[in-house]
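The next part holds the structures, each set out as structure tokens.
Both of the next two complexes hold subunit A, though its partner changes from subunit B to subunit C.
So, the complex of A and B:
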């Protein structure tokens, strides 16, 4: 892959120029770090991992599927704004890749597709683990980006990862010089992110240690909301109070951690126990998704652990299960 | 906001259909016939709903390319709203979804159909299918259980079924002393146990409340049925029916895509989920 060089002092200028043609979305620090639209390139904050994932820009928290009036249905058309995402970590990028599998590959979701189509993905390589909860090194992440920025003290090495990235680099050629070298696999390694020892959890379903997490879980759903890959949702209809013939059908984020998630008519709840719900999330992330699509869904960003009000560290729990396997008849 | 006309490729969009017939089956359930012309397998389902109210998954209980019949029990928002419909009204449907009963691969067998309560609805699809392909299947044995004589579904069809097939109807409690359609008091499982039936060239189809399915499977196993001779139809909460929203997951399987019909050996490890 082609590698370019961008002087650090020129980054802000580069982004300011890019901003004329694109909407730039990058991590910004307010109360917490989150991806927001930036107005000035100086706003970008790359010290820490963003608290919120970037998924809401593609798979929106709330989406109008269609509007209706009486029995006629209209679908809102989306303005195809060109967006450039800057500062995406390796985990964020892989999370986008995994959601692409679900929404584009599997069922062709037109809303997700429209949001995704005009988006350019510019990554920022972590030289060190940006959060103590990271464990992306334990999972099989791949290179997935248009451009990837490797921070090298006074300059960036920019790896081109796609045709789109290539055209972008050509468009803003004046900022880049040829680096005359390639990015080595060693440079792509992130130190200190190999916490998860136990990637295959198929034998642990009945393990007693799930209680360690389930007993302190509040079923609040913070983990699934902050997860960059979790993709479940609900569909509801909303009507105008003044005119009930008019309204819209909406899709909203949901969470498998809520008891309501599996409640059917007649009040039967299939995953009534907290432990079952907690386990279901981890199994979906590490096993079920892989059974269906061939890759693990979890990307090891650790946001579900950082954002958990009781700091349930499922990575530690899984490691303990592995290490105590023989005693527990696992 | 700029609007565009509805396009066919959007999988979330339902289409309007006319109700050809509305028939009240029992005090809390009804059957609607809609003019939806689709090719489907018995056991597949559609998302049926009303704009402004919502959608719910209902299995198709007929076998025709000219219309679909849906038997619906009034238990939630959407189903109660649907119960207010009349002939000629519009209903919004998308589908069919899911994997139905693989009838084509079961030719030459006898069919043992065991249903409980509103679980009889998807099984009626098999009965109608077998009727339309009568030469492909041997005997049909229907074993249908309800709570009380008032809850017996498909009374219009029952007499015909009684004449053509080996039909047994059971009621858990016989509240007012009269037995119609030769119904017996007791559970389906009791009737099944006293039945002289072997697994020889016999396929069992079971649908009903989870407890009933559990005991029926146990008693089928006692009679020598193999796991791959038993088909179950499962029920879960679902929104998208496209294998995305995750509500209907039974461990790693999606009821809406991998099911709702499962062969017992596919899901027997998932029993408690």
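So, the complex of A and C:
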């Protein structure tokens, strides 16, 4: 793939120029690091991984699916802003790829699709693990980006990853020079992110160690909200007071960690136990998704561990299952 | 919809601050539409002419704190097909029910001993006396939730009561976890539906909407202990709004003392990061 070079001191200028044509979404540090709209390029914070994932820009927290009036339905226009995302990590990019499989490949979700089609994905390569909870190296992540920025002290090497990336680089050609070399596979490796030793968990379903995680689980749903790939939702209607036959149908984020999530007709809850719900999340991430789509859903960003009030480290639990260590560590 | 087909509704209050009834009125933009949906037979708080009769449902604020309250509650229950408990007092007993956990002798001389006509009974939520058909909890309740209930009743589909913890809405709103900041937040064991309004404003959850059915109480106590709060504080905090709905609290607190339960998997001692 084509590689370009951008001097570091020109990055802010580059982004300021890009800002005229796009809305730039990049990590910003307030109380926590989160992806937000950038007004000045200096706001961008690249030292640590963002606490909140970027998924809310595609799979929105709340989405109006359609308006209804009696039995007639009006579907809203799938409008989405032209956006450029900057500072996406390898895990964030792969998470977008995995959600694409579900929302575009599988369901053809027009709301998600519209947001994705208007987005340019600019990555930022981690030279070191940006969080102690990272384990992306243990998973089979691939190159998925429009442009990827490799931080090389005084300059960036920018790898072009798609046709859209190429046209974007053409448009702002004045900022780039041709690089003398390509990016090696070794450069793409991130050191210290290979914690997960146990990826095939098919034989561990009845293992006693699941209890270790479930015992200190509050079922608060922080893990699934902060996960960049989790895509469960619920749907409900909101009607107008002036005329309860009119209203809109809404979709909003939900979580498999909730009892309510599996409440079905007849008031039956089929994952009543906390342990079952905890286990289900890990199995969906590492096994069920792979069985269905051929790739693991988890991208190893570690946000579910970092954001958990009790820091349930499922990676450690899985490793201990494999290595036969069952004692409680402290 | 002809007028006589509309649902007959009454809104009443017994011992309480009237804030919950105010929450209904706070739906200013929609209140006129709301009144055209139902036949509001009685709402003494804002209406001059009220008719006590057969209701389709009664929305009742406040808790039972004296004999008159109990009479009103029983009468309304008898006259109404459904009884809706509105607000924390009605649903959990709220702050007035905290009296169960204090010594009466310490304060009754201040007022009750001086005024003969004040004859109280043990403060208690509605469901300790009569059957309750629907709960709209919160101190104060979410005005949109009341609206949603009334609209649902007109369509014949009552909204599903909230069961999820506050954390679900809190994280969705992009808040930092207050437990990580060392604050005694009860969000993980408290029923949501409030859009995490307190935490959005930086205040920890005090549990006004009552405990979730699925709470991990033992772990919650342990987390608070590990963050340096003593048992007295934890007990008081949990009992402020929903003490009567946590009858197991003392037992769980005793039981969890002997049990080793790590509240930080990574074993970090530091809670402020």
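By definition in this document, the second predicted complex is superposed on the first by the 323 of 330 C-alpha atoms of A that agree within 3 Å, B and C clash if a C-alpha of one lies under 4 Å from a C-alpha of the other, contacts with A are read in each partner's own complex, and residues count from 1 in each chain.
To be clear about the criterion, contacts are C-beta pairs under 8 Å (C-beta built on N, C-alpha and C of every residue); 3 or more make two chains touch, one makes a residue touch a chain.
All figures in this text were calculated on a predicted structure; none of them were measured in a lab.
Superposition of the two structures on subunit A shows subunit C fitting alongside subunit B with no clash. Applying the stated contact rule after C-alpha superposition, one finds that A:108 touches subunit B and leaves subunit C untouched. By the touch criterion defined above, A:148 lies against neither subunit B nor subunit C after alignment on the C-alpha atoms of chain A.
Looking at the shared chain after the overlay, A:222 reaches subunit C, while subunit B stays out of its contact range. Touch criterion met: A:231 reaches subunit B, while subunit C stays clear of it. When the shared chain is aligned, subunit C comes close enough to touch A:241, but subunit B does not.
Touch criterion met: A:31 reaches subunit C, while subunit B stays clear of it.
Minimum Cα separation between subunit B and subunit C in the superposed model: 5 Å.
For the contact definition in use here, the residues of subunit A common to its subunit B contact set and its subunit C contact set are 239, 244, 254. For subunit A in complex with subunit C, the touching residues are 31-32, 34, 51-52, 61, 215-222, 225-226, 238-242, 244, 252-255, 258-260, 274, 305, 307-313, 316, 328-330. Across the complex, subunit B meets subunit A through its residues 1-7, 9-14, 16, 51-56, 73, 75-76, 79, 90, 92, 210, 235-237, 239-240, 242-247, 249-252, 273.
Against subunit A, in their complex, subunit C makes its touches with residues 27, 30, 33-34, 37, 147-148, 151, 154-155, 163-165, 167-168, 171-172, 174, 176-177, 179-180, 187-189, 213-216, 219-220, 223, 260-268. Here subunit A touches subunit B in the complex through residues 65-66, 68, 71, 73-77, 79, 102-103, 106-110, 231-237, 239, 244-245, 247, 249, 251, 254, 256, 261-266, 268, 270-271, 276, 280, 283-284, 287-288, 291-292, going by the rule given at the top.
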